[in-house]
Structures are given as structure tokens and as C-alpha cells.
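Input: structures, listed below.
Next come two complexes, and both contain chain A; in the first it sits with chain B, in the second with chain C.
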Partner chain A sequence: MTPLDYVWAGVLAVFQGPELFSLLGLPIPVTVVMILCGFLLGIAVGATPGLAGPIAMAISLPILISIFGFTPDALLPVMGFLIGIMKGATIGGAVPAILFNTPGTPDAYMTTLDGYPMTKKGQAKKALKVAHFASVTGDTFSDIVLILCAPFLAILVEAYLDLPEKTALLILSLSFIAAAVGGSPAKGLISTGLGLLAAYVGTGQDFYPRLSGGTDVLAQGFPLAAAILGVLIVGAVFHELALFWREKEGTRRAGPDEASSADQRLRVSDIRRLMPYISRSALVGTAIGALPGIGSTLAATLGYALGKRRHDRRKAEGDPGFGHGAPEGVAATEAANSSVSGANLIPVLSLGIPGNTAAVFLILAAESIGGFNPGPSVFNFTVDVVNPEAVIAFGLFTCMILANLMNWTIGGLFMRAMGVMTRVPKQILLPVVLILTLTAIYVQETNMAAVWFTLAFGLLGYGMRVLAISPLPFVIAFILGPKIEDSARQAFAATGGDAFFLLTSPVAALFMALSVLVITLSTRRKKGAT
Partner chain B sequence: MHQTRKTHLILGVVVVAFAVFLMGVWIPLDTTTGVVETVRRQTVIGDSLAPMVAGVFLLIGGALVLLFERGSPDQPQVDMINLKFVGLVAATLAFGFLIMRYAGPLTVWATNMLSGGALEYRLLRDTAPWKYIGFFLGGVFAITGVISLTEGRLSARALGIGVAAILVMIALYDLPFDDLLLPPNGDV
Partner chain C sequence: MTSVFKTALAALALAATATASLAQDWAPPGPIQLMIAFRAGGGADTQARLIAEELQNRHGWEVIPENVTGRGGLNMANELRGAANDGTVIGIAVTETLGYNLAAAPDAAMSPADFTGLTTTAGFQMGIVARTDRGWGSFEEMIAAAQGGETIRFGAMSPRLADLAYLLSNAQGVDFNIVEVQGGRAVMDGVNAGDLDVGFMAGIQRAGVAAGDLVNLASGLDVPLVQSPDAPVLPDLGVPFHAGGEFVFLAPAGLDPAAREAIAMAIAEIVQDEGNPAGEMISRAFGGSTVILGDDLTAHLQAQYDQAGELLAAASE
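== the complex of A and B ==
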């Protein structure tokens, strides 16, 4: 099979996969329906303050696996649903920011700066339309870059990197994530160290499960779902509950201050004016997204700052400035934070390194179902025998394109209807989400110990948030820890027990030097900033 | 008056102390192979190396906090009242899951005491209504408890939401699937 045959096979795997039902004699493939369901759910959870895409992914994953089973046929419907959630939540997050000045996620904070003033001026619908247009444009651009770059990067990695280089690359990725996420490299290292430690409990090659204290409960190690969902979801819910309880903001929100007389239409002339802002932000977001671990908050901040600089120079007399209800501000922010999501999948699909929480859940789904191991070997275009992983990878790209098409066509309409979700009270929503998540973990693991582990990891996640330690390096280290160890063992054995196996090859030595450099530079920058 | 916070100082000391304990005590005592082992004249990486790397990450991180961020002005404030609140929420959840674990078997035991029967929960764990007893009682307790803690009062509305949410979860996870087991029925 040629690479083009693999691309076509991926498209067919989506459209000619298992049929859910038939409409006027036309078979409706289950994957397409799942993408649509995930997309609509994603918009709804994104529009609900206190909820986010990862929570919806966590709750739905065991249900999806129960529906579709542990067969390779399950991969595309399940991962298509998760991709739908990821896309939907990206645009849904702008709804509470624009209508109620309530950023559902940190990156949506920048959207409030101009989105809410537009709402106050009676342009809520126009602000939502601008946010949607900018978000979808940025996201589509980012997906195109992902589809074009990921296979080539993977082929390069497979062709030029041997075991020591791959080990060094994984260490470089961890160092980069530790240094770049959360603003404090020292705390990033602590988070990474804790994640690695948790990954190594109860594992190893000896008969005795290491670091288990001789107990049966630790002998199997920590379940992947318990550690990830505990730190990411339960920890976040604890933190939100504590903030809510402290601030006592339980009063029902009033409706948006919207005057119907204002012009709500997004005209072609508006789009022409917004495009320079959207394209710059899309480039910034995609470049930032391609680096593992750097979130959409930085992209939104940079996109907004670049847009502001341009707007200050070129705005016409009487036009609102940034921070006073400029549609350009909404467009610059939304295009930047949305274009992170597609590019964030470049490291996971080409290197097996998850760059964000959505990638973490895609890995969790792949590991739970089996038959797909994200990494450079995915894009091994074997000629004689079909590589099913490559077909799945191009199927995933097809899912992303389909989700984008849905976003362009029905996304805006559905997004504008989701204003009602912002009225769901947090103090009711969060406890229900907590029990739903714990039940989902039990259903997946069928083991009460997994629930206790999740609660314990939830407390750890809460503690990390209190101490301003990002939990993302923990989760990524937990996933990559076993891979690094396996890779290092193989590289060590392959080099005949050379203690300096990470330094003998020039490429591996370069990666290791970069690891030290990235930590050193970010520590000095942090020191200089304080 | 500007008051210097000691959060980073305490964090750094705790992390460094834990890293030293991990590398000096825990790993050597709780791992059976060393950093590098020679097996049948082949030198291989032992089980201790990877946790040691984790310890090094912690040690460097803790040391960097102590060296460079000890006196930084943007130190997070640890609010003891918030910690107590989250502790109470976690305790409520834990108690809810204990109810979940034991309510079903206790009900079966009480039924046996009253009727003189010899029912066994393990054999009934996939049979309605027995399979729902623990999940329903424990889940309603946990949701109602956490809502009440957050709102600062116990209300009929919180109870109603707890009941409704658990019924929806049963409808979501149990009714459509034969192979899914609600807690605690998978491992009683």
C-alpha cells in the first residue's frame, strides 16, 4: 500500500465502518454519529462554567467502551466522540466568557476582555458570531498543519532516531514540559518527579513489585484512570468547590445585559477586517500548540497582545479599542486558543508524547481499547502488509475534518443556544460530576481500591493547585514514565551496558544538553522575573 | 506592612526531605534490584534506577524552590479554612463510598435475621433491587452531603438532587448494559 492508499483507507474506515442506521436507504456510519454527539456534548460542557472537555471525556469513556467493546472497530467511534468533545468544548468555552464575564477556562479570560463589553453594548450575538468564526478558522488551520506535519515528523523520527536518541527525546520532552508548564520550572520538576514516582510504584521487572511496601493493594501499581482522573478532574472539582464556598457566589446569575437594537450581523466587511488578526493568532496558536505541554492560555495571551499592537496602530477614529468591546480582540483571542488544540496532537501522534489533556484522554482511550499505540511507528507505511495503526491515524484525521465541518455548519447556531447552560449552579453541578467521575472509574476498573486511589490523587491534585503546581506535568510524566524506562532498558542493553549511552550519540547528547539548558534558562528567567 | 510568606520555604524543605528519604531509605529498602544489575554476565538496568530518576527530579525541584523562589513575592497563600472544607468534602465522599460498600451486605444480613433466610449478597449483586441498595444510599449521601457542605445548610432540594442524580446514573450506567457493574458490585 502506498501512503495515499493509507489516507484513503482511513477515510473509508470512517465512512464505510459499522453502520448505525439507515436514512432513506443511505447507511449512516456510527463514527460520524459519534463525532456529532461528542461535538454537541462538547459545546454544552464548554458553555457550562465548572465543566470542561476533560470532565465530559472522563465520564463518557467507560460508557463508550461498554457500548463498543475492546475491539479495533471501537477505536474510531470512541476517539471520534472524544475529538468531537474537544472541538465542541473549544468553542463552547467562549459562551460564558462573552455573556456573563465568567471565564470557564483560564484561556477564556482574555475573551471576557472584549466579549463582555460587546455584550454590555448589546452586541452579544455578534460577539458570539465573531468568537465562533475566529475559533473555527484557527482550529481548521491548526488541523491542516497537524495533518501535514505529524506523518512527516514521525517518519523522520523513525528514520533517524535509534533507542538512545528516543530515550533522550523523551527526557527532553519531560524537561521541556516541566520547565514550560505553569510558569515555575522548579514546581514543574516537582510535579514531574511525583508523576514518575507514581508511575513506578508496583511495577518493574523483578518478581517483587517495587515500592509496594509488601502490600497487595500497591502491588499492581496505580490504575492509569485513577491517577489521571484523580489529579486532573477530582482535584479540579475540589479546588472549584473550595473557591465557590469561599467566595459564596451561589446567587443565580442575571441574564445578559443585551439590547436588541444593536447590529448583530457578521458581515463580509467585518470578516475582511478580522482576518489579519485571526491569521496572526492562528499562526501563533499553532506554533505554541505544537510544543508539548504549553497550553492555550499562553497562545491566547500572545494572540491578544499581537492583535492589540496592530489595532492600536490601525484602528479608525471612533472604533472601540482592545478592552472596550473590540471584535478584533475577541477574534484574536479565540483564534489563538482554538488553534492550539489541533497542533497539540502533533507530539502525541508523531512522538507518542501527550501535549495536553485531550491528548491524554486519547491515549487513555487507546490504551483501554488496545490496537493503537500513538507514536512514530503509527506512520509506518508498510507496502506488503497493511499497518492498521496508520489506517486508524488517517481515520482520526478524517474525524477531525468532519468535526470541523460540523463546527462550520451547525456549531455557531448550537453555541448561541447554549447560553442557558451558564445558569446551572456550580454547587449542584460539581458534586454530581464528582460522583459521576468516581462511578465511571469504578465501572471501568471494577475495583473499590481504584475509587480510594482516585480520591487520594484528587487530594494530591487539589494540594498541587493550592501550591500553584501545575498537575499537567504529573499526568504526562505518569504516562511517559514507563515508556522512558522501557526505552532506556532497551537502549542500555543494545549498547552493551554502556553507562554513557545517552551521551555517546551526538543527537542523544544534543537532546540531553537541551534538557539541561531548557531547565537552566527557564530557572534563570523565573529568577530574573522575581 | 508587607509580610513574607513561607509557603515556598516549607514546600522546598518538605520536597527535599521527601526526595532524600525516597532515595536514601524507601528505594533501597523496598526494591530488590539495584540501579544496575549483572545477570548471567550481562549488565542490565535494575528496578531502582527509574525511581531514583524520579527522586532526582524531586530533589532538583525542591532545591530550586529553596534557592530561587524562597523569597518570591507571588507565593501562594495556603488557606487552612479551605483545607478543612476540602477535608470535610473528601471525608463525606469517603463515608458515602463506605455506605456504598456495606449497605447492600448489611441489608441482606438484616433480611436474613428477620426472615431466617440464608441469602448471600455476593450471589445477589447483579439482581435488582439488591444491586442498587449500596449505590443508591451511598451516592445520595455523598451528593447531598457535598451540596449541603457547600451551601452551608441541609435542604430538601439537595436531597432531591442527590436522589435524581443517582437515578440518572443508574439509568446511564446500569440499565442499558449487562456487563457493567455499579459500585460496589464488581468486587464484593
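== the complex of A and C ==
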């Protein structure tokens, strides 16, 4: 099979996969339906303050796996659903930001700056339309970059990097994530270190279970889902509950201003005026997304800052400035934070390194179902024997394109209908999320130990949030820990037991030097800043 | 050796069907928990899950698969040993788990006597495999390259295979850089990606060899490979052991004989019949079924355990 055959096989895997039902004689493939369901769910959770895409992904994953099973046929429907949530949540997050001045997701904070003033001026619908248009444009651009770049990057990595270099690259990306995420490099390092420590319990190649304290319950290590869902979701729920407890009176939301001015339409002239802002932000977001660990919040901030500088120079007399209800501000922010999501999958698919929480859940899905190991070997276009992983990869790309098409066509409509979700009270929402998460864990692991582990990791996640330590490096380190160990062991053995295998090849040595540099530089910069 | 077992099996299967009245009456007292000692998604895991489904279809037994991975199957064995021995808990591993892996982990304090063997499902067509474009047409050419000073990275997916690779290098008077990887697929991926030069592959190489991308340089068994009958066998290369093995279903010790026979026969019938998804998959992925049952299986497991002691002693010299 040529690479083009693989692309086509991936498209067919989506459309000719198992059919769910047939409509007027046309078979409706289950994957397409799952993308649509995920997409709609994503818009709803994105629009709900306190919920975000990752929570919905975390809860639905085990339920989906118990429905679809552990066969390779399950990969595309399940991952398609997750991709749908990812895309939907991105545009959904702008809804409460614009209507109620409360960002549904952290990335949408900058959207409140101009979105809410527009609402107060009676241009709520227009603000939502601008946000949707900018978001979808940025997202689509980012996906195109992903689809073009990931296979080539993977092939380059496979062709030029040997085992020691791959080990060094994994170490470099962990250092980068520790330095970049969570504000302070020391806290990032603590989070990374804890993640590695947890990953090494019970694993390894020896017949003696490591770090298990001689107990049987730790001999198998921590289940991936328990660690990830515990720290990310249960930890967040505990933290929110604690905040809620302290505030006593629940957050009451005022309704949006009902007044609306005549001009709610998004005209071609508007689009022409917004495009320069959208395209710059899309470029910024894509570039940032391609680096593992740097989130969409930074992209949104940068996109907004760039847009503001341009707007200050060029705005016409009488137009609102940034921060006073400028549609350009909404567009610049939304394009930037949306264009992160596609590019964030570049390191996942080409290197197996997750860069954000959405990517973490895609990897969790792949690991739980099996049969698809994100990494350089995915894009091995074998000629005589079909490489099923490459077919799945192009199937995933097809899912993303489909989700974008849904976003372009019906996304705006659903997004504008989701204002109602912002009224769900937290005291109902949080316990529901907690119970659903624990149930989901039990469904997947079928033993109570996993539930206790999840609660324990939840406490850890809570503690980390109280101390302002980002849990993301923990989770990424937990995923990459076994990979680093495996590749280091293999590199050591393959070089004939050379203890300096990380330093003898120039490329590996360069990666190691960069790892040290990234940490030291970020420490210095923080010192200078304070 | 396999052929001996196959004939024994045929006789046994006949005898079993004749005296199966007790076993036919047996039904599990509840849902059957199936512990799978392999990672989700691989060929071994798929096989186990397909068999579980087919057991449900044919006999109405509710079978709940669960992956219990780690330590070469010992985590699964440890959990299985303490489980109920009324036929409601069974496990699937490879014979190597109760052989080499138990022998190499004395602190696990387990022996084959802690388990009841139910049946094997498929054997390994274990080959020593390289990429065709690596330029070695035969095992001797690889050894010649090693003697010429080329570094050779030899992939193995278990400690036992790593020991065998080490004995092979000693017997041939060369050095291999033996790289232990996780899972049979990882050896093939490593060889295909050029990270490894050669490695043990337990049947996964079949399509690649048929397509001409891979070549079986030698058989890892003490009999020739079906696909490459001309490749030398391990004993010819100076290693008095073999790298063969089978997937095996196990239960805790002390399982009621009627239950043992009922479960074992139910699984054996499924894997030998290519007309169901499980049997079809085993034929496609592992080149056909290998069924060893009853006392033969008990003896087979014990023999693997005993041989492992010899291999450990030889490799630690």
C-alpha cells in the first residue's frame, strides 16, 4: 500500500465501519454518529461553568469502552467521540464568557474582556457568531497543519533517531513540560517527579514487584485511569467543593441583558475586517500547540495581545477599543485558543508525547482499548502488509475533518442555544461529576481497589491545587514514565551496556543539554521577574 | 514434540467425549472471571476475549474478561492462585509463566502444583527473524557479520528468550547486544524500524515473511518452522534448549475434575473449530491450534518448570 492508499483506507474506516442503523437505505456508520454525539456533548459541557472538555472525556471513556469493547473496531468510534467533545468544548467555552462574564473554560477568560461588553451593548448574538467563526477557522487551520506535519515528523523521527536519541527526546519533553506548565519550574518539577514516582510502582521488568511494600494490591501498579482521573477530575471536584464550602452562598448568575440592538448579523465586511486578526492568532495558536505542555491559555493571551497592538494602530475613529466590546478582541482570542487543539496532537501522533489534557485522554483511550500505540511507528507505511495503526491514524484525521464540518454547519446554532447550561448550580453538578467518575472507574477496572486509588489520587490532586501545583505535569509524567524506562533500558542494552549512552551520540547529547537549559533558563527568568 | 501431543490429544479427546457425562452436567455456579495476563489489544488479548465470547454463545456461560498484567504473567498467577477453585475463576497466560518465570522468581513462592492446567490453545512458531534488506540470507551470514565486527542488536520479549539469545551468542562465539522489549509486537516494530537487527518473533512474523520483508534466519524451536523448514533449529546451533511455548488456560489447584474437563473441552472445541471468530483468529494469527489437555498438560507444565531450572543454571555460568 502506498501512503495515499493508507489515507483512503482511513477515510473508508470511518465511513464503512460498523453501521449503527440505516436511514432511507443509507447505512449510517457508527463512527460518524459518535463524532456528532461527542460534538454536541462537548458544546454543552463547554458552556457549563465548572465543567470542561476533559471531565466529559474522562467520564465517557470508560462507559464507551464498556459498550464498544476492547477490539480494534472500537478505536475509531470511541476516539471520534472524544475528538467531538474536544472540538465542541472549545467553542462551547465562549458561551458563558460572552453572555455572563464567566468563562466556561480557563482559555475563554480573555473572551470575557470584549465578549461581555458586546453583550451589554446588546450585541450578544453577534459576539457569539464572531466567536464561533474565529474558533472554527483557527481550529480548521490547526487541523490542516496537524494532518500535513504529523506523518512527516514521525517518519523523520523514525529515520534519524536511534534508541538513545528517543530516550533523550522523552527526557527533554518532560523537562519542557515541567518548566512550562504551572507557572513555577520548581512546582512543575515536583509535579513531574511525583508522576514518575507513581508510574514506577509495581512496574519494571523484574520478577520482583517494585515499590509495592510487599503488598499484592500494589504489585500491579496503579491503573492508568485511576491515576489520571483521580488527579485531574476528582482533585478538581474536591477543590471546587472546598471553594464552594468557603463561599457559602452559591454563585448566582444574573441573566443576560435582554436588550438587543438591530445589528446582530455577521456580514462579509465584518469577516474581511476580522480575518487578519484570526489568521495571526491561528498561526500563534498552532505554533504554541505544537510544543507539548504549553496550554491554550498562553495562546489566547498572546493572540489577544497581538490583536490589541494591531487594533490600536488601525482602528477607525469611533470603533470600540479592545476591552470595550471590540469584535476583533473576541476573534483574536477564540482563534488562538481553538487553534491549539489540533496542533497539540502533533507530538502525540508523531512522538507519543501528550501535550495537554485532551491529548492525555486520547492516549488513555488508545492504551485502554489497545491496538493503537501513538508514536513514530504509527506512520510506518508498509507496502506488502497493511499497518492497521496507520489506517487508524488517518481515520482519526478524518474524524477531525468531520467534526470541523459539523462545527461549520450546525456548531453555531447549537452554541447559541446553550446559554441555558450556564444556570446549572454547582452544588448539583459537582457531586454528579464525582459519582459518575467513580462509577466510570469501577466499570472499567471492575475492582474496588481502583476506586480507592482514584480517591487517593483525588486527594493528591486537591493538595496540588491548594499549593498551586499544576497536576498536568504529574499526569504526563505518569504516562511517559514507563516509556522513558523502557527506551532507556533498551538504549542501554542496544549500545552494549554503555553507561553514557545519553551523551555519546551528538543528537542525544544536544537533547540532554537542552533539557538542562530549559529548566535553568525558566528558573532564572522567574527570579528576574519577581 | 508437538505432533506427539497432537496424537495424544486426538485419543484423549475421543476418550473424553466418551466419558464426558459428568462433565456435560457441569455448569458454572456463577459468572466466570477470566484473568488475561496480557495487555489489552494485542493478539493474545484478542484471542482470550474472542474465546470468552464464544463460550458465552455456545454454553450460555457468562465470562467476564479482565486484564491482569505484569511480571511475565506472575501477577495474574498470584491472583489466580488465591481465587475460588470452583470453576468461576480461570486465567490465560503462556506456558513460560509457569515455567521459566516461576523458576526465576523463587520469592513468588509458587509452583506449577498451585494450578490446574485446563488446555493450551496455540503454540508459537518461534523464529529468529531479521529484515530481508538487512542483507543476511541465512543464520551463518549473520554470524559472519558479527565475527567481522558488526554490532548486532538482538531483540527478546522475555527474560527466558534473553537467556537463550545469550546462550546462542556463547555457542556461536560472538557477542550480541541483547535488548529486552515488552511484548512480541515490540520486537517486530523494533526490527522494522531498524532499532533492532534481529529478534525472536513468536509467529507474528508470518505475514512479513510471506511477503518477503522479513526472513526466518533460524527456528527458535527444536523442530523446523512450518513456514521456513530449511532454517536451522536451536539444538543444531549449539543451544540444548528451545524457545517454544503455548498459550495456556489455567485454574487454581484443586479444581473439581468434572469442572476441569467441562471448561477445558469447551475451550478446546472452540479453538480447534475454525468456523467461529476465535478459532478463525487463532488459525490466522498463530498458524493453527495446538491443544494439550488433562494429565498431559500437567506433565507438560511441570516439564517446562524443570527445564527452566537447567536453562537458568546454564545461562548464569
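Everything that follows uses one rule, which is that the second predicted complex is superposed on the first by the 525 of 530 C-alpha atoms of A that agree within 3 Å, B and C clash if a C-alpha of one lies under 4 Å from a C-alpha of the other, contacts with A are read in each partner's own complex, and residues count from 1 in each chain.
We adopt the following convention: a contact is a pair of C-beta atoms (placed from the backbone, for glycine too) under 8 Å apart; a residue touches a chain by one contact, two chains touch by 3 or more.
This is a predicted model, so every value here is computed, not measured.
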Combined model on chain A where chain B meets chain C, clash or fit: fit
Partner chain(s) touched by A:434 [first = chain B, second = chain C, both, neither]: first
Which superposed partner A:72 touches (first chain B, second chain C, both, neither): second
First, second, both or neither for A:208, with chain B first and chain C second: both
Contacts of A:484 with chain B and chain C, given as first, second, both or neither: first
Touching partner for A:493 - first (chain B), second (chain C), both, neither: both
Touching partner for A:18 - first (chain B), second (chain C), both, neither: neither
Contacts of A:523 with chain B and chain C, given as first, second, both or neither: first
Which of chain B and chain C A:189 touches, first, second, both or neither: first
Which superposed partner A:3 touches (first chain B, second chain C, both, neither): neither
Chain B, chain C and vertex chain A (Cα centres) - angle in steps of 10°: 70
Chain A: partner with more touched residues, chain B or chain C: B
Smallest distance from any CA atom of chain C to any CA atom of chain B, in Å, after fitting: 5
On chain A, positions contacted by chain B and by chain C: 205-208, 446, 489, 493, 497
Residues on chain B engaged by chain A in the complex (per definition of touch): 7, 11, 15, 19, 22, 26-27, 30-33, 36, 42-51, 53-62, 64-65, 68-69, 71-74, 76, 78-79, 81-83, 85-86, 89-90, 93-94, 96-97, 101, 135, 139, 142-143, 146-147, 149-152, 161, 165-166, 169, 172-173, 177, 179-184, 186-187
Residue ranges of chain A touching chain B (in the complex, touch as defined): 62-63, 66-67, 178, 184-194, 196-197, 200, 204-208, 210-214, 238, 241-242, 244-246, 250, 427-428, 430-432, 434-436, 438-440, 442-443, 445-448, 451-452, 455, 458-459, 462, 466-468, 481, 484-485, 488-489, 492-493, 497, 499, 519, 523, 526-527, 530
Parts of chain A lying in touch with chain C, wherever the complex brings them together: 69-72, 158, 162-163, 202-203, 205-209, 216, 219-221, 367-372, 376-377, 380, 382, 384-385, 446, 486, 489-490, 493-497
Residues on chain C engaged by chain A in the complex (per definition of touch): 39-42, 45-46, 49, 64-66, 68-72, 74-75, 78-79, 101, 104-105, 107-108, 151, 153, 159, 175, 177-182, 189-190, 192-193, 195-196, 207-208, 211-213
